[in-house]
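Some structures are shown below for you to check.
In what follows, chain A forms one complex with chain B and a second complex with chain C.
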Partner chain A sequence: MKTLVSRFRPEQIRLLFLIALMILMVVFFSIEIPGYFNARFVNRISTSVVVVAVLAVGQTLVFLTRNFDLSVGSIAGFTAYFVGQQMWWHKDWSPITAVLIALGIGIIAGSINGVLVAYGRVPSIITTIGTLAIFRSFLVEYSHAVPITTNNLPRWLVNLSSVVLLRIGEVQIRALFAIMIGVVIIFQLVLTFLPFGRRLYAIGSNPDAARIAGFPAQRMVFLAFLISGALAGLAGFLFIGRYGNVTVLAGIGLEFASIAAVVVGGVSNAGGSGTVVGAFLGALFLDLLENSLFRWQAVSEFWRDFILGMLILFAVALDNVVFGRLKNVWARAGLQMSTEESNEPEVASHVE
Partner chain B sequence: MAIPPEKSPVMEMRHISKRFDATQALDDVSLTLYPGEVHALIGENGAGKSTLIKIMTGVYQPDLGEMLLDGKPVEIRNSQEAQTHGIAAIYQEPMVYPDLNVAENIFISHQDRGPVVRWGKMYTDAEAILAKLDVRLDVRMPARGLTLAAQQAVEIAKAISLEVRVLIMDEPTASLSQHEVTQLFKLVRSLCSQGVSVLFIGHRLEEVFTIADRITVLRDGKWISTRLRGEVTNDMVIRDMVGRDVKDFFAKGTAERGDLLLSVRNLGKAGVFHGMNFDVYRGEVLGFAGLIGSRRTDVALALFGIEPADAGEIVIEGRSRRVTSPDNALRLGIAYASEDRRQLGLVMPMSIVSNISLPMLSHYLTRLGLLRRRKEIATAEKFRQRLNIRTPSVQAEVARLSGGNQQKVMLSKWLNAEPKLLILDEPTRGIDVGAKAEVHHMISDLAAQGIAVIMISSDLPEVLGMSDRILVMREGRQMAILDRSEATEETIMAAAMGHQSQSHMGVGSPEGKA
Partner chain C sequence: MSNNPSTPAPTSSGDSFFSAIWRRLKSWEGLLLVILLAIFAINSSLAPGYLTIGNQINLFILSIEKVIIALTMTFLIINGEIDLSAPSILGLAACVTAALYRGGMDFGLAVVIALGAGLVCGAFNGFWIARVGLNSLVVTLSTLIAYRGLARAIVEDASIGKFPDWFNTLGQKNLIGPFPLALIIFFVMYVVAVIILQYSGFGRQVYVIGNSKDAARYSGVKVRRVKFILYLASGLVSALAGVLLAARLGAVRGDIGYGYELDIITMVLLGGVSIFGGSGTLYGVFLSILIILNIRNGMGLASLSGHFQTGVIGVLLILSVLGPNLFNQARASINRRRLRRAPPAHPVT
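Presenting the complex of A and B:
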């Protein structure tokens, strides 16, 4: 126990567990479904996970500060439409311009959330339910319900989803996937190595202490929402790159998918714990499951959602019960290592 | 260490005054800290200790007076500025980040460790600091699960890493065991030898005498004395702490003591309080005195079933009872009016009527289970007159009433349950003098009607004026039960501070009755 405990942290054990579960799942479905696991399947998953995974990265930052961002689906939808329309009108604009527009819209939308939550002290669940509706109606009003299709878009954007950067046998590393991996790596580094990242953990972990220490907590919560918005904008760009079609319904439900991903990935809404890599693995897990169930003839569509829902509840319960206990075991084991000189009984014996 | 005259002070607080609404929290208080000294600051609850340290750490601004660092006047507007001046505070409950590891907790507040976190360097630096303090902790451990003592060690390490010059320790020993206190004092000594000046706030006199070089006593927001440890005795300090003129308080009428209502035998709750033994008679007011952290409220919560006791016996009218929930307690005739009106006592956005009938809603139902509004209103009107609640209407929101009137609504709510035993927790805290007298009058009336009252109060003159007997607690233990005739501020304070006094200690069942 001691070696296991000292080598891995509970958070890491949790992620290893998630990976093990994914491998088991692949093995199970390989037996159940003929021709299930091959390079094409890997390529499909690596493309379909990108949008939710990028949203989950932003959602992780917001979760660390004990908040929610429910507006990311609407931001992504609106951005996808707006970027698509600009590219339709200005066929000569470069991909960089498209990405910058997407980030810009996301930043504006995220700042609105951030100002309301951090400075207006409106609870984030209320704020972002509000902006979820507002950004969605912008899209409906702005688009006049005219969809954007691949016919309207410049060639590079239509072909973006099949741009392959690297081939390993038949497995392709596509551009969209590479962008997503870049985002995951960058933000994992931000959270691990920048004072800003560490302080996000600090303010979520103990807001009172952070206040006494004089951290600019409001500004940091604002920035978390701003970044979540920016990444939702980027996700909007990835959305149009992946699907090529944008309707007024674009991105509906993505907020819940992103929350499910971070929860399964072990990011706690009690603040202060979780990683970007975890959120990515959560997104990957859910995407893998959804795609596999889709191909599994044994279950109907209804049962698919049922299984998905059950798994999310299972993940949360597992977190609270098993990993909560594991954390305590870990803490105690560590304590024994550190204070062997003190053999005082646990109960405080008071001074007389 | 005596104060070598050649040393110049690190920090001086000169003629500091601070007022909050009606209360003068600090009145012309001065305090000087020399490098390398441990300066103890003591006083009763509400003496102004917290206000003073909050001014030193920039949480509050003084109305009058000035602060000097190294002889130069400074202004400290927030905790960040206090930190840059080298002033830090450690509280009774350490402020660590449970999800961050020990090393991160030490360095998280640093502004100058570069744009990128260098984990390896942070671990070696943290280990170096802890080694200097002779503390053995795995710096890679998350702070979650560390003992309070270990968390304090982390905070002290943090203070050292920030090159603190003035360290304020606000009751750091309150939740520590004897062994941990010894360890902590070793840390404090090693801090002082490095020239840090420590302001130590404590409630245990023997600890103060162990650690302090000088002792300053505050009382009612005023500076009373500052003396070298060698020049003071326990008695002098206690006299300084309580020696105010006893104001003319409403005194409880001497109601005839009725039958025995409640007996508590060896009542305890693991880690909170233990060995409580007392009786309460009908028509009697039993005062509960003690300092903050003496666990008086926890005993009340146990009697009312919010945090049930796990040892001992509660005997009500001769029958042994288990009190497991407030509902249960109400049925046994026990009511508890909390000190925290906003959080636990009243539903602020609801009307007076709804608040009063809330615990007894089942008495206001028609056969179909609907509320009988008219009966509720009648009850509220009855209490409005009886307790003189000043409000335009009983339908008014409780949040709009003054503190005194809110307190009356809360009393109404519990009186409506027709309790045999009423537990009042700080019944006059935060209400003005007029309302206070009214509340005292009411308590006296209730006792005269045969209700047994337990009154928890930190206001010594109030306890002395209102109680027939006074139970003094200290850190979860019953220190003494004093009869009205033998109780003085000095005897109560001596017991509350754990100082041996002449009065009889321990279990004190009243003479005469069995």
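Presenting the complex of A and C:
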């Protein structure tokens, strides 16, 4: 037991559990569905996961500060539309410009959220329910309900989803996937190594202590929302790159998908734990489940949202009940290792 | 926190009648009343003959389902919790009713089962929040998705209509005088809710828990039971609203009542109920309901689209929390400055 305790932390065990579950799922569906697991399937999953995964990275930062960002779907939808429209009007603009426009819009939207939550002290759930509606109505009014289709877009943007950077056998590493992986790696490194990342964890674990210790808590929360907005903008760019068509409904429900990914990936809204890699694995898990269930044809696609909602709930419940106990075991073992002489280590209980 | 603008000021016997009224007007409710009168004035100038009882009744009828759910939402938010899943329970109840009726069941029985489904949904929320102790935001956010998904799974992409005549009549025709059934139900529920929240022991407990859960528990309040009852009530009332909406529209689809949470929560928070729990009254909520209904109607008169209206409601929602926050911050800083400048009047020896 002690070697186990010293080698792994509970968070890592949880991620290993998630990966094992995914492997089991793939094995199960491979048996059930003939010709299920092949290179084409891997390629399809790696393309369909990108939008939600990038949103989940931003959502992770916001979650670490004990907040929600429900407006990411609307931000992504608006950005996708705006970028598409600009590329339609200015066919000679470069891809870099498109990405910069997307990031810019995302940053503006995210900083509105950030100012309201961090400095206006409006709870994030209220702020982002409000801005979810505001950004969406902005999109509808701005677009005059004129959809953007692949015919209007420059060629490079239409072809973006099939650009292959690297080929391993039949498995393709596509450009969109590479962008997403880049985002995941960068933000994982930021959270692990930069002071900014460590402070986010500190604020989430104990907001009062972080404030007393002199952390600029308001600025951190503001930055978390700003980055979440920027990544939602980037996700909007990936959205138009992947689908090529944007209507006023673009991105509806993505906020729920990103929250589901984050929660299933083990990021906690109640106490500064979780990783970006976890959120990515959560997004991958949901995508795998969705793609597999509907190919299985035992479940109609109308059940999708029901399954999504229940998964979030059970992931949270499981974390709270099982994972909370696990953490207690670890804390106790840690205490025993550090102070062998103490007979009854006091461990703060998680149960209210 | 202690001197919240929405707490009704106690009127001592020494006050004159007018100073009591003046104190009322200076409160949050007074501000709402001024806003409401301004909206009445603007709308009346847009459409002559706007300010009639008939038109106001009509406004209520067109949003009666949101208004009904706002009552239970008020209890929950004062209690320090929230129920984001209420509109999904509404949709689920409407879909259950319609699907059972399509399956050949007696309509009255289908309605009863739909109400029962609402109770089960509420109990499910209540179980995770009151018993297991999970965060109500996370729980009801996930059941918001799940119940809506269940409603969609039940009716798929069909639209179910052709309800029995008595049901449609009940939903669309006036029952007593100019009032249809839904409006009468609302007024009865409002009076009952006011009695429970403002004048009963249970209502006191709701406030106490919202102010401090720990203090409530230490003084013997059964926190879990109160919360569980509130979620049960929220589920039942949302289901009732769903049945009423089905009766009013005469047809049901999977996305019926989608996105209502924005209006409902705005009605409650604009009414002076603190999102942090423990304060606010149903009187304020009634005024803010009137404000939101009339604002939406006024924007409709000015031929602004429904999506634009939703955006404005979003702004209102944020302002209704931001406004008091800024006000309290400003007052706190003024008080601090005053304290610093003036020496204490009665020096402590």
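Throughout what follows, the second predicted complex is superposed on the first by the 330 of 352 C-alpha atoms of A that agree within 3 Å, B and C clash if a C-alpha of one lies under 4 Å from a C-alpha of the other, contacts with A are read in each partner's own complex, and residues count from 1 in each chain.
Heads up, the rule we're going with is that a contact is a pair of C-beta atoms (placed from the backbone, for glycine too) under 8 Å apart; a residue touches a chain by one contact, two chains touch by 3 or more.
As the structure is a computational prediction, the values presented were derived from the model and not from experiment.
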**Asked** Which partner does A:269 contact after superposing on A: first (chain B), second (chain C), both, neither?
**Response** second
Check your understanding: In the superposed arrangement, which partner chain does A:204 touch: chain B (first), chain C (second), both, or neither?
Key -> first
| message | Quick one: is A:213 in contact with chain B, with chain C, with both, or with neither? Answer first, second, both or neither. | response | first
Inquiry  = One more residue to check, A:130. First (chain B), second (chain C), both or neither?
reply    = second
Original post:
After lining up the shared chain so the two structures overlap, which partner does A:93 touch, if you call chain B first and chain C second: first, second, both or neither?
Top reply: neither
Output check: A:307 vs chain B and chain C. Expected answer is one of first, second, both, neither. What do you get?
second
Overlap of the chain B and chain C interfaces on chain A comprises residues 351-352
Given the complex, residues on chain A that touch chain C span 68, 116, 120-123, 125-127, 129-134, 136-138, 140-141, 256, 259-260, 263, 269-270, 300, 302-310, 312-313, 316-317, 320-321, 351-352
The answer for chain B against chain A in the complex is residues 78-80, 83, 89, 95-100, 104, 108-109, 113, 115-117, 119, 136-138, 141-142, 144-147, 150, 173, 175-181, 183, 204, 206-207, 270-271, 475-477, 498
Seen from chain C, its contact residues with chain A in the complex are 82, 128, 132-135, 137-139, 141-150, 152-153, 156-157, 254, 259, 261-262, 265, 269, 275-276, 305, 307-311, 313-315, 317-318, 321-322, 325-326
The chain A residues in contact with chain B across the complex are 9, 192-195, 197-199, 201-202, 204-206, 208-215, 272-273, 327-328, 330-332, 334-335, 337-339, 341-342, 344, 347-352
